[in-house]
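Below you'll find the structures, each written out as structure tokens.
Heads up, the next two complexes both have chain A, just with different partners, chain B and then chain C.
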Partner chain A sequence: MFKKIKILSYFFKKNLFAILILTPAVIYLVGFLLIILFKVVELSLTHITPKAPLFPSVYNFIELSKNPEFKEAFFRTILFTFIGTPLELLIGMVAAFLLAREFIARGIIRSLFILPLAIPSIVTAIILYIMFDYPGGHINNILMGNHSFFPFKVISYPINWRGSGFFAILVSIFGKVWRDMPISMLIILAGLQSIEKDQYEAAQTMGAGAMQTFIKITLPLLTPAISTLLILRSIEMWKEFIFPFILAGSYPLLATLIERAYHEWRDPYEASTIALILLVLIIISTILIFYLLKWLKKRLVKI
Partner chain B sequence: MATVKFEQVFKRFGRNLVIKNLNLIIKDGEFVTLVGPSGCGKTTTLRMVAGLEDITSGKLYIDDIIANDVPPQKRGLAMVFQSYALFPHMTVAENIGFGLKIKKYRKDEIIKKIKWAIELLNLDGLEERLPRELSGGQRQRVALARALVLEPKVLLLDEPLSNLDAKLRLKMRAELKRIHRKLRSTVIYVTHDQVEAMSLSDKVAIMNEGSIFQVGRPTDVYNLPENLFVAGFIGSPTMNFFDAKIIKKDEKLFIEFAGAKLLIPKRYQKKCANYLNKDVIFGIRPENIYEKRFSKIKSVKENTMDVIVDVVEPLGDRDMVEVTKEGIEFSCLLEPEAKVKPDELIKVVFDLSKSHIFDKDTKKNIIY
Partner chain C sequence: MKLKRINTSEIIWLIGIIIMILIILFPIFVMFKYSISDRASVVTGGKPIPLWPYHPTIEQFKTLVTTDRFISAALCSIEVALTSVIISLIIGTPAAYALVRYRFPGIMVLATLLISVRLFPDIVSVVPVVEIFIKLRLINTKIGVALAHSLLSIPYVIFIAMGVFETIPKDLDEQAQIMGASKLYSFVRVILPVALPGLAAAAIYVFLLSWDEFIFAYFILAFGNLSTLPVMLQKILSWTPQHNLLAAISVMLSIPVIIFTFIVQKYMRAGATAGAVK
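Coming up: the complex of A and B.
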């Protein structure tokens, strides 16, 4: 017994520095991830009956599968992610290609492109809320030709953007993509700058035109950057809360449905269930994207 | 195969004039080396041929067609880069076949050509490797194979051996020469290593500060450098230079330096007449100075000098000996059998028929 304590104290003395450094991370992981995850799993598997709570039970999952609101939210989330992620990648890529060239005041213009990140999401969301207001929002006014700088009457009566599920989701995608585009731009830009100039020139001397160079050299060499980006950004898309919460309040996604389940339905058990489903969805999608990219990379390179 | 011709070519980067009035003719099947210190414009010249750098003024002909504005894709050349620029995401075979695929060759033809290149450059068994799994020499050979399969009109090589270790460099040098003899394609080769330039090429163009200082066969530029720069650049160990004066004694012209008077050979006497009593630069290679007992030429008073040995560096077949005479240092390659020792007083014989005299102002070789 005494010997064991001695060995233990020796171990602590020897690794004191490492232990000290790791402690905050461990506390963080346990406090904010593990405990919460366990709690979520526990809540989602608990069925409250008049007598006593039942555990484990899949009652919450069955109830949820019958709930039309959940189904709608589920499909909206898929729509949001599947449009939003590629869009963010595409716009980030275009911006990166524009900024990768040498031109006057490149530094300043780069900073301008990164500016959206400096504005809190909630502010961006509220600005968009005002712009897409009904009936008197700026976008409606412009499209109706009420401003002299845009004298075209595209629509004759205002559109209730937030009143239609489709438009509400589109506007939230717009907000999300606009705000987070700089992140994908920076990742692609870093990827672009890691490609040596020599390789483009070698391809050129071997007869490759701009398009061939892009498809055969640039794109395959960007796949590491694109993979990182797609995985990171799709996770962000799945769990996006602020933009849909403000801009598509009547048309919840899974993330906003959690809030609704907790606050409006007053049902923490259902809320946890939705959260767990969302988590599983994210894990599955991440694995799928990973393998898809692996397969795609092989395709791109083959002679 | 093709000819390349530069006609009064200038190149400007912003305010810097990097190529000044370049005139050069490269014949079909010739192996021409551009050699010079770094920053002399040799790589820029090569990139202008490739079309990767535009020409500020003047004309570049490839096969007697003005190629100034022909895009690199259409020039039908191939280039090997100093960094090799292999595509990291493609295997060796894919790298070699890339250009062929771009040029829309049939698949069986591509495979045949890849096989040919792999055999030519001894890359068997490496077809499926990625560039990062290859050694430096293998990468270099892949880069060369990638260029050769295209059967380029002109093959451009930008310091292809500079990233290899000394032993491999010698091996690849021989390899390059063998391939050139076999394929007889026009090659433009850029290097800063004068030994490489001398050993590989049919013709050497020595460049400095954006202009060509001399063009000629390796032995010619070695034996008869046109100017001071070429004399100092070509040859290893480098030529000795002395501040000297031409004087007259008994109706004969002598060169005077370091307190010694040496007789200028008969066939140079006339050319030196204009420089009587003028300051010149006298140059002689270390291998053209002999120890008196081992001299290949007859030692007389007019070609012999007493010197004090300073440092002896045995090289094996020769001894590199630094000597001093009246505070002036120079080096000579002596026979090891002479067994010279530091601080010893020895007699050295100058083979003046192999010496050079340069104008102090124009730096031109007077006896050229």
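Coming up: the complex of A and C.
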């Protein structure tokens, strides 16, 4: 017992400086996080009655499950995430493979591909707001064949992009993928660069074609990069706020429904309930993706 | 035969590159085009909007820099960003130093925990934060926004600063301490000056993060007179402004980000790809 205290006091003395300079960050981040978590749970379990606030109560959850707006938002969020995440992976991979070979001005093209990351999300959303305007936006004009460089009449009437749930979600996905493409590209590119040249040469001498090399060497060796990307990007997709907020204002996702509940319904309790549900969804989806990838890896990569 | 096959794959590659460049550049081009459009090129009365304005003008920018609303929003943005840079560097840098230099059990877990705070969805934390800030009277204040932004940026500062401190040899602090410097003195007077260029990148990163952050700024400033530039953009969107004015503000908002992103690209790449390669 005495010895333990002695070891402990020695430990503190030796690391006193480290503990002292670590404390502010730990308190700030972990403390804030704990308070936030506590507050979300508390608010979502509180039901305000005329007499006194009722706690704990699942009233908010029951009320929400009856709300058609919540159901719609829920399915829109699923749609957004399930289209957006694979799309971002795909576009990131395409961009990375385009950059993977040596060519003149590769550095410039690479910087160009990173450019969307340098445009603030809110600005990207505003530009898309302008481009996909109805009836006279650029995209409508181009699709209607009003310009001489693209004289094909794809549609005969302008599309009201923000006025239809499907198109509004589609435009938001486009914005999100456009803006975040560089991140997935850089992750895949880093993964590609970590593959040794020898392996390709070995495959080539053994007579493997381009397709075979891709499936048997590149893809398996990219799995760590792809796993990281899928997990990080799916979290980003679930919680995306700015693009649906600006571009799909009348068709809320869960994230934008939080804003609506808070500002329009003036109901922080309902807003916290939605936030809690979103958080649980994110955690479940992350765990699922994690185990799915693990399972896939076992199946696919045979060493 | 072989030559022909190489050519087709190269043509496909070239087409891919061109399509990607077009998709990436078109929205940016549209933004710049609208920002220098005159009124007649935006309000065309049924005719398609031209791809290049009839009479390019910098009128929008001239109006903007004389509009009080815009100036106060820009100043507010700068003030908030600088405050959050100061807060997050003061809190984050020492923590990163401790995490790199001291090896006691559980410290890597702590490092991972601190850095992964950034994965916590901001839209989930925004309602509780605002509710707390209402009680603390931090709502509609610049310091409130700066505090919320540092919550987002401290994990990044810790991450970048850890990378910086790892490149500084341990001998340096040991020698300083042998010569009689205290731990605090050797950290402040010996290590920090060496780490300064790397920390500057962290500072720029935090500045940009705060400069274009929207969610916290919007929730904290939604009903007040203050607004940062992104919040101002959203607020004026509700009274259907002319598109060229929107684009001009967007350009002003983006230019610092574009410039600094390419300066700190090296560090951002490290941040974005962290954990990808094991």
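Everything that follows uses one rule, which is that the second predicted complex is superposed on the first by the 281 of 303 C-alpha atoms of A that agree within 3 Å, B and C clash if a C-alpha of one lies under 4 Å from a C-alpha of the other, contacts with A are read in each partner's own complex, and residues count from 1 in each chain.
The rule is short, and it goes like this: contacts are C-beta pairs under 8 Å (C-beta built on N, C-alpha and C of every residue); 3 or more make two chains touch, one makes a residue touch a chain.
All figures in this text were calculated on a predicted structure; none of them were measured in a lab.
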Aligned on chain A, chain B and chain C: do they clash or fit? fit
Looking at A:292, would you say it contacts chain B, chain C, both, or neither? Reply first, second, both or neither. neither
When the two structures are overlaid on chain A, which partner does A:204 contact: first (chain B), second (chain C), both, or neither? first
Which of the two partners, first being chain B and second being chain C, lies in contact with A:8: first, second, both, or neither? neither
Which of chain B and chain C A:196 touches, first, second, both or neither: first
Between chain B and chain C, point out the one touching more chain A residues. C
Quick one: classify A:39 as touching chain B (first), chain C (second), both or neither. second
When the two structures are overlaid on chain A, which partner does A:215 contact: first (chain B), second (chain C), both, or neither? neither
Distance of closest approach, chain C and chain B, by C-alpha atoms in Å: 8
Considering only the contact definition stated at the top, list the common interface residues of chain A for chain B and chain C. none
Give every residue of chain A touching chain B within the complex, in rising order. 196, 198-199, 201-209, 212, 216-217, 220-221, 223, 297, 301-303
Chain A residues touching chain C in their complex are 11, 15, 17-19, 21-22, 24-26, 28-30, 32-33, 35-36, 39-40, 43, 94-95, 98, 101, 109, 111-124, 126-131, 133, 136-138, 141, 146-147, 178, 181-183, 186-187, 190-191, 194, 210, 224-225, 228-229, 232, 235, 238-239, 241-242, 246, 255, 258-259, 262-263, 268, 271-272, 275-276, 278-279, 282
What residues on chain B touch chain A, complex-wise? 50-52, 71-75, 77-79, 81, 83, 85, 87-90, 93-94, 97-99, 101-103, 110, 146, 150, 156
Chain A partner, complex, touching residues on chain C are 9, 13, 16-17, 20-21, 23-25, 27-28, 30-31, 34, 44, 46, 48-49, 51, 90-92, 94-95, 97-99, 101-102, 104, 110, 113-114, 117, 119-132, 150-151, 154-155, 158, 183-184, 187, 211-212, 214-215, 219, 222, 230, 233-234, 237, 243, 246-247, 250, 253-254, 257-258, 261-262, 265, 268-269, 272-273, 275-278
